[in-house]
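The same chain A turns up in both complexes below, where it pairs with chain B and then with chain C.
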Partner chain A sequence: MLNKLRLERWTPAFFLAPAIILLIVFRYIPIVLGFEEALYTNSLSLAGARKFVGLNNFIAVFEDPVVWGSFKTTMVFSLVVNPLQVGLALLLAELINQRVPGIAVFRAIYLVPVAISMNVTAIAWGLALDPNYGLINGIIRTLGLPRQPFLQHPSQALWSIIGIISWIGVPYWSLFFLAGLQGISSDVLESARVDGAGSLRTFISIKLPLLRRIIAFVLVSDTVVNFTLFAPIYLITRGGPQLSTHLVMYEAYRRGLVYGDIGIASAIISVLLIVVVAFVAVEFIVLRPRH
Partner chain B sequence: MFLRKPLRLFGLSLLILLLATVTVTGQDAVELSWITDLPGAEEVAARFTEYNPNITVRVDKVSFREVFQQNQIRLGSGSSEPDIVSVDAPVVASYGFRGWLLPLDDAIPAEQIDGWVDALHTSSIYNGQLLAPPIWNSAQVMYYNAALMEAAGITPPASDERWTWEQVTEAAQALASDADADGVNDVWGLQFGQYNRIYQLQPIPESLPTAVLGDDGLTVEGIIDSDDWVKAFTWFSDLHNTINVSPQGGISSGELFRNSQLGIYVDGGWMINQFINNPLDFDWGVAPHPYWDGGEVTVPGDSWHLGVNPNSEHTEEAAAFVAFASSPEAGRIWFDVWGVWPAHEEMLAEFAEDPANAEFPNLAFVVAAGEAPYVTPRPLTVGYLEYEEILSDAFEDIRNGADVAETLGQAAGRIEREMDKYRE
Partner chain C sequence: MNRDHTTLLRLRKARRYILLYVLLIAIAIAIILPISWIVASSFTTRETVWKNVLPFSWRAFFPADFTLDGYHAIFEKDFGRALLNTFFLGAVTVVFGIAVGAMSGFAFARLQFRAKNFLFALVIFSFMIPGDLTIIPSFVLVRDLGWLGTWQGLIVPGLANGIIIFLFRQFFAEIPQDLIDAPRVDGATWLQVFMRIILPVSKPALISAGVILFLGQWNNFFWPLLVAPDPELRVVQVAVSIIGVEQQVSLWEQMFASSTLAMLVPVLLILPFQRYYVGGILGSGLKG
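Up next is the complex of A and B:
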């Protein structure tokens, strides 16, 4: 009897162990190593050797206007892209949740961008937005409107990047909302309708509150994904023009892998990690379930 | 019982495998690793193995940008791989300064070293030590579309006639046209192969002439933001923004040239082979690299170099491979595979006198090889990686119409901050 009890107590641990071990090995240990690496600098005269510099790398990060600029750009970018993607994803989910003939076809069409890798998407959109030979400018010209520089101008580049990643992000996150919407009992919706609630009222007063947990999950995941966005910047704009798309991950990449300064790169990533955790904590508090 | 046989078989195979390993080790079989993007690398490695059957070279092919990243991350961490290090000429100093390259003065035959073209020999040395021998030679030349030139009423330069940038600008304006008036030129006048890299654009200020780096190898303030640089890059900006003869955006210059949408195209001599093997459907020609009227002739060129990782477990074998890859014999392979000519003075002379090269298109190789005396090495600085990357940002912004003086001033500030760590 006692044995059985003891066994039962350990069963959850047994099932959780693989996931926890993987998390520790592939997430927590690298995070600790990253923080540690940020306290060192590569020796500039002996391959593989390194020198302890305390918090100097962090001080350097805060003093460098380019790094600071990349944090500011990333902040503006996140404050726009996350609410935008979550809002549009909700709207899209509500639209493709309608019961009309042939809706499955529409759902498939909207989900196509999700099936294409970010790299291919980035390169394809980079070509489509070319100022001279891009498809989009071709369409704009056909409509008799002036050509747009898109990725070539500091006032439009970041917005173009937001558009490109939302092309994937919106349908992807809408999948989660669609699943949530389909999980709402038809009895609830039916009684709302009987009580005279219109679609908008039902959406705001019934569906949104019931989707609260999913919204929290999507917002947090989207925040993390977008704070660490790298591929389209690396592939299309390389941080330009005039550093307008110079996001933190790209700056960290440059420091670490182009200039070979792993210490500074680790310090940048460590600061970014703290910022992301702070953001996510606020989101969790605001969206915590009300019991 | 019935399990025994398979078990015994398994044991036997294990034994054979073990013995085989021992035999191979007995012959000192060595596998060297090498990260590169170069065409011809496999062929050079294979020939080396023919002479040294116990040494194989594992060629890891990656993109141009990744060659730097993958080498730097490994070397920086003190890894024993790669054994053979691909070193672009301007980063020899940077890698040497960090202790990433083994001195090879005793590993390369003296007559081979003496045979290299001077500029290439200079690039391979840091702090008085030979760190990274050159494997071939290159130079930038000016290609032109003869049909487009004729249509625009321009007489193309002779194969030994060096145009000034003033002549090039005038021709480019005559070549550029937008017949369908859609706001995008059908034919562009002029474009560079690597339109945002210092490698390609260095002669624009340098030919004025003006310096591209301070004498201490670190200072850029007062140099890359000088009036001369502003003048040089105002011309570059005008090409893209006011006189509109060069395209903005990421469209490949080589493709534009191939499609008869580009009249004058400045790029490396390695394009000649491509134009011969995959022929262009119009008459084309090659002329020496342009320069400023009254200025100096300076031509981008140089080579990839090879070095040996000091932490490699096979430094001797790796050094032997580097010696072979920079030898005249390997020089022949590099030329045959992708048309870059050898780093050896003597071979260049043979090359120019070879009757097979007297006529176009092979004459194009002679034009390019003839640029060797004008090739100016890239600025020798331990901070080249930072210098190049930040200048690329600046050149891209200037192409897109940013204020030239302001952009160069900001770039100077950014590079100075990065150089500080080398000053301590």
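Up next is the complex of A and C:
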């Protein structure tokens, strides 16, 4: 009996150890390692070994025009893509929340982009938006409109990337809003209807306030995920044309793994991480349950 | 007067329906057309691949002249190997990811221990920070472990997944206490309770976790690109990207063929398991 009691004391540790150890080693140690690596230079192109450089890499993040430019481009990109995706996802959720015949078929179709990788989406839309033979220009020209450069012109490239990733992002985030809308009690909606509120009025004055927490959650999650956007930039634009799509994750990859300067790449990531943690902290405060 | 009113209402309702369906169909087209264009183009030759695009014709969404050239070419380049590798990677991740996630989810839902809130905060915080954000220091860590170009380098870092742990915790917390009390009184250990009582009643959570983990690995690109780009361990997304961009000549028909196969598997997986997939990812957002 005593033996059994002693065994039971270790039960929680037995169940928790694999997950907690793996999380610490592969999720938390890299965060610390990132801050540590940022203090060193170990550029493979230099003959010298790893050298302590203090905060030089962090200073470089703010002083190097290409690195700092990638932060600025990412900020502009974030300010456009996240509100856009959240807004469209809300509208899409409202649309597929309608109880009309066949709605299940449409919901299934709208789930398809969610299953497709960003990688394939980027390659496929990269081809579709090609200025010379792309599908979209084919359609545009058939309609008698002028050919568009899309990803090959600095004025359109970032917008094209935003469109491409929204093809997945909008249906994905709408799933969260749909669940939120379905959770609104029909009594509330019925009494609004009795009071004479139309669909638009009900959406703005009743549904949106009730979805406040989900909107906050999605906005923060979407922002954080889009900070790490990499595949479409790597696969289609390589940051161009004229650095117009040079987002911060691609710059970190280029510095760290193409040029072998893990130090500055880690500094870039550490700065981004601080921004992300600030966002998540705000989210936690906003979403804290009120009693 | 009264009849006029009902007619008006009926008309309004009809107008509303038409508007709704126009929107629903327009969005469905925006999703289906690009996909059918990719699939159709995957059955063309390099010479005819753009035939119906410029000048544009509706035939662009159907194969112009059915050939399997693109598929033959990618399978000669070991695309089959990449598919098998990814199935293996997905299967191993599902098995061990579920084991790791379900065990800790059980502890968080049902056991009492010190620092529970702190440890659970570690779990929650881990899925608020995307793994790709720290991908470069993770690469440094795995490199220092000597795991570059190995299966463990591909698999192990992704086994503990905060969303999966959270999903299991939520599900296990809802299981009625009586189901657990009876065997405990009879002297069963927690491990026995977990294996014989909890897991058998948790099929929905197990399916959700399996689908999410498999899709995650199937669609994973950045990490395998860094850790295991070589042909022996190459996964499907990396293979697609190599056919897509790292060539001197544009291999159109092969790009379309590899993209078709890369999206076919997750689409076929998500449709029958819609409810489980959606339920699984929603748990992470709504109850948190």
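Everything below uses one rule, namely that the second predicted complex is superposed on the first by the 247 of 291 C-alpha atoms of A that agree within 3 Å, B and C clash if a C-alpha of one lies under 4 Å from a C-alpha of the other, contacts with A are read in each partner's own complex, and residues count from 1 in each chain.
We adopt the following convention: contacts are C-beta pairs under 8 Å (C-beta built on N, C-alpha and C of every residue); 3 or more make two chains touch, one makes a residue touch a chain.
Just so it is clear, the model here is predicted, and its values are computed rather than measured.
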Partner chain in contact with A:Ile139 - chain B first, chain C second, else both or neither: second
Which of chain B and chain C A:Pro113 touches, first, second, both or neither: second
Which of chain B and chain C A:Leu273 touches, first, second, both or neither: second
Which of chain B and chain C A:Pro149 touches, first, second, both or neither: first
First (chain B), second (chain C), both or neither touched by A:Arg288: neither
If touched residues of chain A are counted for chain B and for chain C, the larger one: C
First (chain B), second (chain C), both or neither touched by A:Asp64: first
First, second, both or neither for A:Ile262, with chain B first and chain C second: both
First (chain B), second (chain C), both or neither touched by A:Arg201: neither
Intersection of the chain A residues that touch chain B with those that touch chain C: 126-127, 133-134, 141, 256-257, 262
Of all residues in chain A, those that touch chain C in their complex: 4, 7-8, 11-16, 18-20, 22-31, 33-34, 37, 92, 95-96, 98, 100, 103, 106-120, 123-128, 133-135, 137-139, 141-142, 167, 171, 175-176, 179-180, 183, 214, 217-218, 221, 224-225, 227-228, 230-231, 234-235, 249, 252-253, 256-257, 262, 265-266, 269, 272-273, 276-277, 280, 283, 287
Chain A - residues contacting chain B, complex: 42-49, 64, 66, 126-127, 130-134, 141, 147, 149, 152-153, 238-243, 254, 256-262
Residues on chain B engaged by chain A in the complex (per definition of touch): 68-69, 72-73, 75-79, 97-100, 182-185, 247-251, 310-311, 385-386, 389, 392-393, 396-397, 400-402, 407, 414, 417-418, 421-422
In the complex, chain C residues that touch chain A: 17, 20-21, 23-24, 27-28, 30-32, 34-35, 37-38, 50, 53-56, 60, 99-101, 103-104, 106-107, 111-113, 119, 122-123, 125-126, 128-141, 156-160, 162, 165, 189-191, 194, 215, 218-219, 221-222, 226, 237, 240-241, 244-245, 252, 255-256, 259, 262-263, 266-267, 269-271, 274, 277-278, 281-282, 285-286, 288
